[in-house]
Amino acid sequence: MTEQKPLLEARRVFKGFFGNPVLKGVDIALHPGRVHALLGENGAGKSTLINLLSGALQPDSGTISVDGKPVGRFSPAGARAAGIAVVQQELSLTADLSIAENIGLGAFPRRFGLIDYRALHRGVRDVCDMVGLTEPLDMPVADLALGRRQMVEIAKALFRKPRVLILDEPTSSLSAHEAGILARLIGTLRDRGTALLYISHRLNEVQALCAHVTVLKDGGVTADQSLAGIDGEGLVRLMVGRETGDLFPPRPAANPGATRISVENFSAGLVRDIGFSARAGEIVGIGGLVGQGQEDLLLGLYGAIPAKASKAEVSGKGALPAHVGEANAAGIVYVPADRKHEGLVLPHSIASNLILPSLGRLARGGFRDRGAEAGLIADLARRLTIKGDVARAVQALSGGNQQKVALAKWLPLDPSVLLLNDPTRGVDIETKREIYLMLRAFAAEGRLVILASSDTPELVHLCDRVVVLREGRVAASLSGAAISEEAIVGAAMGINTQGAAA
Amino acid sequence: AANCIKGDRKAPYTVGWANIYSVPTWMKQTEGTISAEVEELKKAGLVKDLMITDAQGNAQTQIQHIQSMIDANVDAIVVIAGSSNALDRVISDACDKGIAVVNFDSLVNTDKVTAKINTDSNEWGATAAKWMVDQLGGKGKIIIMNGPAGISVSDDRRKGAQPVLDANPGLEVITETNTEYNVAPAQEAMTSLLFANPEIDGVLSLGGALSAGSVMAFDRQGREQVPTSGENARQFLELWKEKGLKGWATMQPNWLGALSVYTAVQALEGKDVPAFIKVPLPVIDDSTIDGYLARAADFPADGYIYSDYDKALFDKLLAQ
Amino acid sequence: MSAVSSSGWLYGAIQRRRNRSLGGLYLVVAAFLILYAVLFPGILSVGGFSKFTQNWFPLALVTMAQALLMLNGGITLAIGPLVSLGAVIAATTMGTALGVPGGILAVAFVGLAIGAVTGAIVAHLRLPAIIVTLAGSFIITGVALILLPRPGGFIPDWLSITLAGHTPVAFLLLVVIVLAWKAFLATPLGLGIYAAGDNPIGAFRSGVPVEQVKIVAFALSSLLAALAGLFVAAQTGSGDPVIGTPFTLNSIAAAVLGGVGFLGGKGTMRGAICGSLLLSVMINVMFFLGFPPVAQYIAQGLIIVGAVAVPELLAKGRARR
Amino acid sequence: MNAVKSLFRNPPLLTFLLVALVWLVASLTLRGFGAYGHLRYLLELAAVIGIAAAGQTLVILMGGIDLSVGAVITVTAILLPLISPAWDPTGLIGIVLALSIATGIGFLNGAGAAYLRVPPIIMTLAMATFLQGLLVIVAGGSAVTVSNPAVILLGQARPLGIPAGVILWLAVSAVVLLLIHRMPIGARFLALGANPLAARLSGVSVTRNTLILYALSGFFAGLAGILVLGMNRQGYVGIGDPYLLTSIAAVVLGGTSILGGRGTYAGTIPGAILLVTTTALITVVNASPGWRSIMFGTLILALLLISGREARR
């Protein structure tokens, strides 16, 4: 790898929102043929920095240079013309347009001023093949699951034939299989001379893929160095700034209590005729490739989509909850994967979001008890280390902090069953650790945690049992020592059906 | 024979009543006179069916309705126009098909109709203005209340008043308003004008329920009532009596509807009918108001107390 | 499934897929059209077809005008006044030295200009479209009333006969306009209307000039409404400063009936046009069924609710969330 | 400096100041405008819009819209005299009956939106059409002069010189503000308006809240209808028509987002006063109808520039 002049560079950039500085003089330089990691805890300003690099935001001061030449006002269109593409997190897609149109948006091939659909088709087919998108290209993005949308987002960036490709947490909603495809893709692009910037909270990925790292903390750069010779622990130390313990809390000997959930011939959405049961004090993982019915299983148990079962025993009741209110009343709560659209009321304040499920409980004589509410909010914010003014809009929080809010709002209900859909998506390593500890504590308190996750290590190290779904059916039910990455991935891909449950 | 009539249509006839908007009370009452007339004509074996449409105030829909009536080949179409020009083309189409088209109240521009029936809107305005001149001795400050802008009826009435106002420069028009022909907006507008104008000698109100609104505005603000012109709205007539007002009213008789059906059938029967039937404006003043109020109970409270009518009156009008 | 995309006819496949959610509405509209043809076979003649489509045409245009903005995440309450103004300008210019071509140009220019200004206000000053267009509706009405205080003006007969005679010119025009819309949608700017309506931030980050798209949307929408006014003037042979008023609500109703959502990016133009066709044919069908006014009102309410609710309820079983 | 900033982030307050400014300028320049009686009258008129807009505010906050407000006002104003039993000297029974009908109509709107999944705009528009049909049956054939003493009192009484309608409006404002800001249900409406999916997954029942909300909107429209009836002493067809667009305009002028999820009734209150004031201003200006219409539109646009900014992206 030769040190050439950087393709894209930021020098001494400052950026603040409403007077709150986020970036205080940050430097970063992206070189061709190199995968550059950008690390930092939630809210460190990573997304903000890439927004500056891609013209979506303007720096308050400092310069952005392309090929060594400073650019003045940089717009997204200008950035695209300079060969810069960004993989955003499901942010830039239009639900009602087709996959192909979404991929082409802003960069359509034209003929006589019209979109050249034939050329579009060819170009889109190519990039879709590269990322393994097999869905029909005419399908509206609205019909895709979150992980598949992420793949569309990646394909969209590739379609622009970028010289600089910026990926903001591209794997946070991808399954291991898809992440593998992406990793190979990144290798190919790097070898072709593309400059890559890679943001992720999954440090093992960073270690595997990246050659160089920039770490952001408190608005400044705390490290800017090569990753050669740095191991996993070293990376964590770089990022967190101190020695840390294991990411996953120790798993105590299984000590399950009474059966909390037991369903037979359960169908909901993609899930067809499965049997499933779980007991108090367990953490049950749900794994599989993206979109195999994991979400529908949770939503069905939560009463959020129509579900049926020949026999059901849920939280002491002899029937599935008919609607969300009933589930909540029975102590069942749900944390969705798509926090922006399903988990949070983005334009509302942190406080409003935290209090939403507890409004009725806290009311006295039909009126809201502001004192009690404020107390509860402060307590939740402290317990989950949600920093800053709770009157701020959730929208203005970084992804990880948003996730904390989405989880924290349920705690006051003292839930007995927690249905979690990818709860650590986009969450930094410290917060992840906190969440894992919390989940363990929940189980220890005799609650049932059902955890659907695309992060296989999470399933392996955290769960007492793992159910792997494939095409809406149970492909494997693993427990104890049988839980391993190989077993989960194998069952998910249908390669290895050993251990499949009846 | 009369205009449009080709003589190939035989009794009993199908009559289409293409209403522009059936909900307002004036329209309801008018429809009442039409239905009553049709009942009479059915007894005489002249009419077999009455088709009623309601364009919900949309002239475009009314065109569509009249087109459908042509398509359904009715024998006669009775119509109040939702716009003075918009229906011209579809109505001449109907006329070309030999359908007897009788247009009353809001008139179309085209002459390709069997008959147009109306009072004279210009005269309406002129007579009201003259009455106001007489009341005030040709000197004073008045406010003019008009119906909605852009509608030919309200425009014609206002135009009719203008020569009289020009001839009497002592009469100063302080200001004018345009509102729907309804009580609430008229009352609202008049109240604002009362505050802005300490001196008002008369209210020249040109139709609908505007006068009632005006009188109520004076009343509620504790201002002394002034001479007010108006129309035969029951509410206005009652207020006139109750407040001891100097009042004057004319009317657009609801029985224009009945007359129109009658005319259409007469024309289909081969009678000659005049192309324009001018209905004299009945005037209500202090000498006649008691007669009208005596019959008030027969009319809706938000309705119009119209003058009596019978076949003899119709025949006389048709004979002009 | 994947056969569709490997065939290479991506455009056609996308179009077909867009039809799917409209199946219910298509059925309802088809049922009404058949019923109408049974009640009045004359519709199948050239003259009958021409007259029917002429009466539908202006509603179809204003519905397109409204849908265009709703797809972009906006709405306009100035449709009716724009129709009136279009009619007034046509009726006041065509009799002058400008003649018919000048009159048409004047209408088109005024429509585009008003739309562009409105769009610029909404996009750059970030004011809510609904109230900007409400204010605009008063201003436009005022201008129409000043130009032509009462119905009148002049439209040459030949123009009326050409556009609204016994030939299906109006229908052909509609076909042309729909084709033009298709062509526009096949431009990056056109698709930008959808993208900016559904997800403005995402569209902006993808390089769509969101503000410019909004201004174009308003301009085209106003152009369509003004042209509808021109047609109304030709159809009626005159101008009327208030004739357009009912079109505002009707355009919204037709667009929503056709599945166009309030929040932008949801729905299709073909759906909106179908919605307007349903509103129009419903009037004729009710007439031929001999409904009295009371029944007309009630049936109209039922049909509108039913046309939306029935497909929705049928799809409910399939719906996920 | 900071005070100015926070003012600009507080649309209701801003709108209130705007009202005060308009009143001040108008009373200095226009004869008769500043009179106490006139301001009182404007408030009385604003009360009708304000009450009708109370329901509209709630519905819009939840991301819906109610296009049947005008029709419900008309129906209430016309039905009330018909259904007030003659043997009830207070007239209260008639009021209760009329309000029940109005609330029931609103409930039906909610049911259509919640169960049939008809978009609210279509549901309420269809309902307005329905009610027109009802009026064709009812109106024009029967007496609708109001003799109900409670309604007349509401329209005419002025305890302590304050019109009863304004007092009613104050009460409604208090209730609605409490509902939005001090009761759980208000927070739920707002959450549903901003993100129905997230709200539903947080245990907020869409169905129940939709029903409650549209019923409330019907109720408030009915209340406005009764007030209008009392002020005019007569109900007639079309009496409610002007209140449809004005109720929506008052809500939006008050800074509430038409897309739902953001806003407050505290903004609608000055919004209603602003609309009435503008109309009154234009009425006393002597100009042709066309020019008046232009002035009205321009004034609304100008006021909007000051008060109605949408949040930046």
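A, B, C and D label the chains in the order they appear, each numbered from 1.
What we mean here is this: a contact is a pair of C-beta atoms (placed from the backbone, for glycine too) under 8 Å apart; a residue touches a chain by one contact, two chains touch by 3 or more.
As the structure is a prediction and not an experimental result, all values here were calculated from the model.
Visitor: Note down the smallest number of touching-chain steps it takes to go from chain B to chain D.
Guide: Tracing touching chains, the least step count from chain B to chain D comes to 1.
Visitor: Sort the other chains by how far their Cα centres are from that of chain C and give me the top one.
Guide: Of all chains, A has its centre farthest from that of chain C.
Visitor: Top contact pair of chains, counted by C-beta pairs?
Guide: Top-ranked chain pair by contacting C-beta pairs: C-D.
Visitor: Just the number, please: Cα centre separation of chain A and chain C in whole Å.
Guide: Whole-Å distance between the two chain centres: 42.
Visitor: In whole angstrom, what separates the CA-based centres of chain A and chain D?
Guide: Inter-chain centre distance comes to 44 Å.
Visitor: If you average the Cα atoms of chain A and of chain B to get two centres, how far apart are those centres in Å?
Guide: Comparing mean C-alpha positions, chain B is 71 Å from chain A.
Visitor: Using mean CA coordinates as chain centres, what's the chain C-chain D distance in Å?
Guide: The mean C-alpha positions of chain C and chain D differ by 30 Å.
Visitor: Send over the residues of chain A in touch with two or more other chains.
Guide: Each of 304 in chain A touches at least two other chains.
Visitor: Where in chain D do residues touch two or more other chains at once?
Guide: 132, 136, 197, 289-290, 292-293
Visitor: Note the residues in chain C that touch 2 or more other chains, in rising order.
Guide: 144-145, 149, 201, 204, 293, 296-297, 321
Visitor: Can you identify all of the chain pairs that touch?
Guide: Every touching chain pair, ordered by label, is A-C, A-D, B-C, B-D, C-D.
Visitor: Sort out for me which residues of chain C touch chain A in the complex.
Guide: Answer in residue numbers: 1-2, 4-5, 8, 10-11, 13-14, 16-17, 183, 186-188, 191-192, 194-195, 198-199, 201-209, 265-267, 317, 320-321.
Visitor: Which positions of chain C touch chain D when the two form their complex?
Guide: 75, 77, 121, 125-128, 130-132, 134-146, 149, 200-201, 204, 249, 252-253, 256-257, 261-263, 293-298, 300-302, 304-305, 308-309, 312-313, 316, 321
Visitor: Under the definition above, what is the set of chain D residues touching chain C in their complex?
Guide: 67, 112, 116-119, 121-123, 125-127, 129-130, 132-133, 136-137, 197, 245, 248-249, 252-253, 257-259, 288-298, 300-301, 304-305, 308-313
Visitor: For a test of understanding, state which residues of chain D touch chain A in their complex under the given definition.
Guide: 178, 182-184, 187-188, 190-191, 194-195, 197-205, 261-262
Visitor: Tell me, which parts of chain A touch chain D in their complex?
Guide: 302, 304, 323-325, 327-328, 334, 336, 341-348, 352, 355-357, 359-360, 362-363, 366-368, 409
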